[in-house]
């Protein structure tokens, strides 16, 4: 053997092929849904125009609606990270998309189901169908804020399609609610909307994110539950990891800080975050944040699910107290996109609800956070003085 | 019109052997090969050596090609594809196309030796990142490097310190839809592990497996020597994911024998990709109206009692066109197909 | 998808277990009954095919890194129908699972996480001691989800609930009402409206609980909790003219 290194440019000849849907190892659930609709068993809510078609894991195309969306909110977002949903709505408003923020919805109840098993398949499918029926009645299309709701609803959809007895039971319950059995043509996560809008987001970008390194945490329930339904792209990670979130981070010109525990979960654990939080804390910091710090030293972690933002962000306090190598702010893709498009870090993105110090990140984004906070404090004073009752959308963009 | 000609499709090991034997039995043979060069996968995929005797692939295929070209009864048509077939046993009319011109060949029997293709890792559902990390390669890439006697880490150009084979990529996997075992990958990986140890003596070589399928003499000729003489590390437990840690690959899995998680930095990961039916096998099955199994391999009509007779009278299949096969299997089934084809033509010639 | 051969009749056999088990007081027939209940679930055939011990699920599993827990052993015990071992797992292991479903990448297409969901459901439905333990301190969450349609309500952000999340929780809770009012979306303006579910919606949710046997599950797991939830549901439903 020669002692001089010889490079074999394997990467030059390797380009991920575009998957052929004819080779997809799974059935196309949408075709089965339409068959059931033809048989009078259920109603399929069609994705309204305008929509964008985007490729999923096995090369099939998925329709992502742009306008007239019915926002299936996340219990944890509304409760703990309200800047998350606010940013999603803000982005819709910026692009002039109409949306519905309804009160006729429950959470998917899957968190409780996964945590404690105090529910069952029939109840879970009925809750999903009830929420779908509520969306259908408005004419707007369901857009799901939470990764778990999204994954769980996809599972529920598959169960409804494959088990006639379950379908019958759920249809009977729906009849008692005077509602038909409704299943949407596509189950759509808001981060998929952001993914297909990423070039438009970049066009409207007003802040320079090129000096920012972001590590990505993909949400397990987004791509591990019913994996064929998640977005993949041969140009992102050679098509072998989901493209959602990473696509946005690249589009706004940031560097993706890769790390070796990318596929690990965040540590949320459903019952663990509630009653065994030492596990969640340890996992989030030792397997995710510390590894990211060591290998990529990111300015921020970007993810796309309620539980992931919560666990990765809040777990860092205790680790910091033990002098561990942590301290990376955690944002959702929606908040990151909103900041890129000039959203106010407090009025819109509501960063004061986050735990890990984010001020260095804001400085890197060219945001004078002290001035922004002063602006927000003056808003608070106006509210306290009774000058205004609430902060309005107009105030948020003032 | 009745013909005593046998048309063999595919000039890989099985096709060459079928053509040789049919001609030696006295039948005129037309051997059709779509590539410009005969020799099949061992030549086109740049195999270094054959499993299990470590014989040079080029040398072995040269011997097979010479045996065919030296027989005047064999007409070889390379760069030629079959576009349609009509007629039935004893009187097939086969249209072949070459360089834009078409011709008709009359034949009494057809032997398909259209073979397999290597599984493309873009379809694997594990997380091995073949299209992301240049240091993740397949046994096909490794074979080429071994043939060039230049086994180095692609990103550094330096000899690797640690090499890991991952078995059953694209095989034995319900999520991909390939539930079958590809038969040869355990042997090929072990053969390559020995070759790597010879070429890069300082490299540690691991083979991560679910079950080692080293039947017959592969056990004493490859498996035991790999363990005993070449100190290849066999670990039962398949790899879950390959990612990059500070520029070097890291693989994770469970060492199921010891019941403990593994996380090992490595220089080269070699995906032991299995077999799928080739495009030629699929196309010919369609043209001839043959029954294929759900994987696209050609089915034979009497299962284990007849491994070469297809569902269409006068059409036989040999080698990996009927399913994963090693070279010994392919040569044996090619011989059976040739003997059955020639025997059929002789019997029908008498009875008609 | 593969076509599965018709199932062979298989009777789990006590003789399969050679190791001493830790639940000798529980009759084998009871353990078998619970296992049969798991198997009778419609989802069971989608969650377990067979297991060749490859360990892919273990390296993907977060809980396996911090607990004596192995999704491979769950799948193996189920595939072998080792009723004694399954009973032990139902009483312990299954509560360690994080339900992330990383194990869904199984090449045999098993879902150990899904299997655990079924084991947990049967464990709760039959009031196993471990299920009662697991649900202890959890009643408030179950109450909240079943009566309000959410497990996290905005007023829960109190420092005593999250002592390990740092001083920011206190800051947030001190300013909760004011900060809520500084959120532009109307629904987020107050802690009450931030997860507001209309009355009609709640009635529908209660009807789902009543008609899907969920109330029976709760009763088995925690009788007191069952009574409290039922009271709330009955009041709302009766006010709306439903007979319960």
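We just call them A, B and C in the order they show up, numbering each chain from 1.
Going forward, a residue touches a chain if its C-beta (ideal position, glycine included) is under 8 Å from a C-beta of that chain, and two chains touch if they have at least 3 such contacts.
In this text the structure is predicted, and so the values were computed from the model without any measurement.
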| item | value |
| --- | --- |
| Most central chain, judged by mean C-alpha position against the global CA mean | A |
| Chain of greatest Cα-centre distance to chain A | B |
| Chain pair bearing the highest count of C-beta contacts | A-C |
| Rounded Å distance between chain A and chain B, as computed from the means of their C-alpha atoms | 43 |
| Separation of mean Cα positions, chain C and chain B [Å, integer] | 47 |
| Distance between the centres, which are taken as Cα means, of chain C and chain A, whole angstrom | 23 |
| For chain A, residues that touch 2 or more chains besides their own | 25, 227, 263 |
| Chain B, residues touching no fewer than two other chains | 125, 127, 175-177, 241 |
| Chain C, residues touching no fewer than two other chains | 1, 60, 65, 105 |
| For the chain B and chain C complex, residues of the former touching the latter | 125-127, 168, 172-177, 179, 210-211, 236-241, 252-256, 259, 261-262, 294 |
| Chain A residues within the chain C interface of the complex | 25-27, 73, 75-76, 78-80, 82, 85-86, 89-90, 101, 103-107, 109, 111-123, 126-127, 130, 134, 151, 159, 162-163, 165-166, 169, 172-173, 176-177, 179, 220-221, 224-225, 227, 263-265, 267-272, 274-275, 277, 279, 281-283, 287, 314, 317-318, 347-348, 350, 352-355, 376, 379-380, 383-384, 389-393, 395-396 |
| Residues of chain B defined as touching chain A within the complex | 120, 122-123, 125, 127-132, 134, 137, 141, 145, 149-152, 154, 156-159, 175-177, 199-200, 241, 243-246, 250 |
| Contact footprint of chain A on chain C as seen in their complex | 1, 41-43, 46, 60, 62-63, 65-67, 95, 98-102, 104-105, 117, 120-121, 123-124, 131, 134-135, 137-138, 141-142, 145, 149-154, 156-157, 162, 164-166, 168-169, 171-172, 178-189, 194-198, 200-202, 204-205, 207-209, 211-214, 217-218, 221 |
| Touching residues (chain side chain C, partner chain B) in the complex | 1-2, 49, 52-60, 64-65, 70, 72, 105-109 |
